[in-house]
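In what follows, chain A forms one complex with chain B and a second complex with chain C.
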Partner chain A sequence: MTGIELTGIRKRFGETEVVKDLDLSIAEREFLVILGPSGCGKSTLLRMIAGLEDVTQGRIAIGAQDVTWTQPGQRGCAMVFQNYALYPHMSVAGNMAYGLKVAGVPRRERSERVARIAATLELGALLDRKPHELSGGQRQRVAMGRAMIRSPRVFLFDEPLSNLDAKLRAQLRLEIKRLHRDLGTTSIFVTHDQLEAMTMADRMVVMNAGRIEQVGTPQEIYRQPATRFVAGFIGAPAINMFPALIDEDGRAMAPGGWYPCPDAVWALAPGTAVELGVRPADVVAAASDACRPSFTPDISEDVGTEVHLHAHGAGFDLTLSVPAGAPLPTRSFAISFPSGVAHCFLKENGQRAALRHSIPERTEATWPETSLSSI
Partner chain B sequence: MVQTFDITNAMPGRATARRVVLQPWVYLAPTLATLVVWIYWPLIEALYLSFFQWNMLPTATPRYVGLDNYANLLTLPEMRRAAWNTVLYILGLLPLSVVLPTAVAMLTQDLSAPFRNLYRSLIFIPMIIAPIVAAVLWRWLLNDDHGLVNAVLETVGLSPVGFLKDPSIALWTLVWITGWKLIGFATLLLSAANGSIDPGYVEAARMDGATRWQVIRDIRLPLLSPTILLLTMMTILFGAQWSFVYINALTGGGPLQSTTNVFYLMWDYGFQSYSAGWSATAGILTFAGFGVIAVLCLWLMRRFAVHEG
Partner chain C sequence: MKADARRLSVHVPMIVLSLLAVFPVWWMVVTSLKPENEIFSTRLWPASPSLENYAYVLDAIPMIRILWNTFAMAAATATAQVLTGLCAAYALTRWRFRGASVAQGLIALSWLVPFQLTMIPNYVLATQLGLLNTIAGLVIPNAAAAFAVLVLTNAMRSFPKDLIDAARMDGAGHFRVLCEVVVPNLRAPLASLGVLVFISAWNEYFWPLLLTRRIEDTVVQIGLQMFMTQEGNQWGALMAAATLASLPILLLYLVLHRQIIESFMRSGIR
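Showing the complex of A and B:
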């Protein structure tokens, strides 16, 4: 049992509290991704699990064993750093074997294990090189090898792909997933890249300002964002947000008396200020009419598979995402979207509001229940 | 810029061409002049003088003696003694200018800012005191009859020590004073180098299970090697020179020439005995000897210093 249990974790640097009373449990063999903007405390959280940072308050348990005050080397965690932190004066083999060396593993066994890991990671030809003689991707692999060699209970990844170019990143993303599938080691992966998070995670944690905004599978987080922050943070291009007020019947009314989703009735008091979030791909352009606000096309971005159209409206802007080749509005247009795709967040605290009446689920193919890692 | 100008001109005039040739030399002139006047000309002059006998009086004519000065100096016991003492100075200085500062830099790396600033100021004070002031201060402190150090020794029941009078101790006293002046500088250099080591390496080593000592031995010291080797090389090449002021002010090379080194001897021949030929010869011999050592040191540094690439 190598799950991780975080209870009431707080971290303060002087006056600033960067992690605020955080609870999280990570299951054995799980690939958990912590996602959040810069400075949200995600790296600090990872470093506290690693033992590189002391907690101000709270308890960390790995595999039912309290490690809150255990030295980093004794926690059974291995870490891959953002800048790889390969020892510059040691060869690739030396870097990989160092953990074994300090653990007192005999030289012969060390080189056997290095050779075995190097073969897995296709590093065999590079063992005598120094880190500065390697490319970014190779360094990344050596850092992986160094983490793997001690057969840790937990892998910790601190934005390990952010220094690589897009192509290499995609490739290594797959490799890390494959390794996780083969080794089944509990892994925590910190990133600020939502694509990385969505594609790699069994489960995702979205953090903001030292707090967890939402924990769930990538599908839950994308489809059912728990807060306005999560809705805004996940998805590219970003979700559209319309200000609205709840009327007597519980329906959301946008400025100008427009009811963007008349079928949805929210469990909110009349007069509550809310924001309605709609993904750009769910918005449909329609002919302009008098009872709906109109938008003027501004800039369109063709990203190959689809086209993003940015438009101005009275009081709020809008982004539409349409498949490549589909007709784009060239003049003023109005919009519509199915009620089921709208997310309603309280203006006051950004929390998601529940519907009073359920709306039938969307009929398009749902994502598989199983996690991405097992596909 | 000048070349661009030339290219745009289809037919450069002769004046322009001459300017192209001369201009770099004009820029280099101040540096070259300084080098020639202060380094190369005196070197050549010294080499020239080393073949002559001359008492430095403007009225006396230097007499050519060929290699006699070299033959005499190399067989002179005094010179051999000074050369050996030079080695002792250097060996004695190395712990003070390299080992101790490295240890201090390691031990103080985790101090909080106010304490770190305090200790850095304290350790840096000897560095900024004028050498001659330091010499006088130490002479008072180490005085046989009234010095503070001997007074302390006596109160704990030890007999007074002739720090500057005992031939077997005087050299080490001078080594200590020279080293005492260097500790601050070396510590600052090493602390700065230590502070610039990417904390990621140390964290990676901690994740690998390295203890505090293993981190120092396997990560910090190798990464500090350029600085450590630089300080070692500086001590070897200049250490004995740095002690000159203290020899001159405190012992005059004595007692019984126990504190004389080649630099003091050189000065002694030239400005005490007025034998310019011998002084120049000693200078050339020292120059050649240290030149060889410098080449060796540079080779060692290239071979062993770890660079981050």
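Showing the complex of A and C:
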């Protein structure tokens, strides 16, 4: 049993509280990704689990054993660092075997284990090289080998792919996932890259300003964001937000008397200020009419698989994700989207608001097939 | 043409400055080779060079013993200052503790305290501890120095934190991290500091003058003084002794000059 239990964790640097009363359970063999913007406390949290940073308050248990005040080397965790952190004066073999040397493993056994791990990571030909003679990808592989060689109970990854180019990043992402599948070691992966988080995680934790905003599977977090922050942080291009007020019937009314999702009735008091979030891929262009605000196309970005169209409207801007090859509007257009795809967040605290009654998540609304220049 | 002129304008002053720096050393060596009757001649090379001054020096004072004392004292001082500086710098940069910045400020302040202020208490203490006329007495009061701590604290500040964290994750304790990870990667500043402290200890005059009474227990800078008497200075012998005193430092520099300059440049010590 090598699950991890964090209870009431707080971390203060002087007057600044960087982790605020955080509780989290990580299951055995789980691949958990902690995602958040720079400075949200995610790396500090990882370092506290590793033992590199003392907790100000709270308890950390790994495999039912309280390790809150245990030295880093005795926690059974291995860590892969963002800058690889390979010892520059040691060879690849020396780097990988250092932990075993410290643990007093005899030289022959060390060599055998290095050879075995090097074969797994295709590092066999590089064992005598120094870190400065390796490429970024090779260095990261050595760093992973160094972590794997001690057969740790927990792997901790601190943004390990952020210094690599996009192609290598995708390749190593797969390798890490494959290793996790084969070894089944509980892993915590910290990143600020949502693509990494979405593709690698069994479960994700989204952090902001030292607090957990939401814990869930990548699908839950993308489809049911618990807060406005999560909705805005996950998804590229970012979710569209429309300010609105709840009317007497519980429907959200945008400025100008527009009802973006007339079928949705929220369990909120009349007059509550909210924000409606709609993913760019769920918005479709429609012909302008008097009841809906119109938008003017601004910039379009063709990313190959789709086109991101940025548009200005009265009071709010908008991004649409248009299928590749679909006609783009050239002049003012209105928008529509199924009521079920809208997320409603309280303006006051950013929390998600519940619907008073359920509505189908999707109704018919597809990108118009006619040329949008005629809309 | 323009480039040549610019090169010339840089090189000519540098050559003049080099000559100015080398001339006293040259004059010292030349004077040491002059016989008694030629000592005040202004010739750039003696008419009849002789080693009689060297023979006199080796006969008049136990020069080899004195050189050995100086070497032992300088090497021990350099080693001690580097070690204490390293431990202090590691603690100051790696451990978060209450009063860390105050401690560092006090260390920096102690650099400003003149030797004359501490010499009497140090002398009394050394006497009570029975350290008169000993190399230990010469080394111990200088075993820790603010300069060494500050230089190494700066070097440690720019040392990659992740490397130390990686070693701690590998199970290494602080002492092991310091010996096996920090020191091998901090060789440039350690070497330049070691050389600087060695040279400064080699040239130490005042403290050995206070602490050593017997000529066979003293160091080379005090040995030189033996040739400066009330009846007049023995210039030939003095210069021969000074040449002998400079030789080890000169040798050290000749052997290591590339590493010394490189490490000074890399560690930012000028």
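Everything below uses one rule, namely that the second predicted complex is superposed on the first by the 360 of 375 C-alpha atoms of A that agree within 3 Å, B and C clash if a C-alpha of one lies under 4 Å from a C-alpha of the other, contacts with A are read in each partner's own complex, and residues count from 1 in each chain.
Everything that follows uses one rule, which is that a contact is a pair of C-beta atoms (placed from the backbone, for glycine too) under 8 Å apart; a residue touches a chain by one contact, two chains touch by 3 or more.
No experiment lies behind these values; they were computed from the predicted model shown.
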Query raised in the report: Between chain B and chain C, positioned on chain A by superposition, is the outcome a clash or a fit?
Result: clash
Report task. Report for A:83: first if it touches chain B alone, second if chain C alone, otherwise both or neither. Result -> both
Query raised in the report: In the superposed arrangement, does A:131 touch chain B (first), chain C (second), both or neither?
Result: first
Query raised in the report: Counting only touches as set out at the top, which of chain B and chain C does A:334 meet: first, second, both, neither?
Result: neither
Report task. For A:96, decide between first (touching chain B), second (touching chain C), both and neither. Result -> neither
Report task. Go through the superposed model and pick first if A:72 touches only chain B, second if only chain C, both, or neither. Result -> both
Query raised in the report: On chain A, what residues does chain B touch that chain C touches as well?
Result: 50-52, 71-74, 77-79, 81, 83, 85-89, 98-99, 102-103, 146, 150
Requested in this report: Would you pull the chain C residues touching chain A in the complex into a rising list?
Outcome: 160, 162-163, 165-173, 176, 181, 184-185
Requested in this report: Using the touch rule from the top, collect the residues of chain A that touch chain C in their complex.
Outcome: 47, 50-52, 71-74, 77-79, 81-83, 85-89, 98-99, 102-103, 146, 150
Query - Residues on chain A engaged by chain B in the complex (per definition of touch) - result: 50-52, 71-74, 77-79, 81, 83, 85-89, 98-99, 102-103, 130-133, 146, 150
Report task. Note which residues of chain B are touching chain A in the complex, please. Result -> 198, 200-201, 203-211, 214, 218-219, 222-223, 306-309
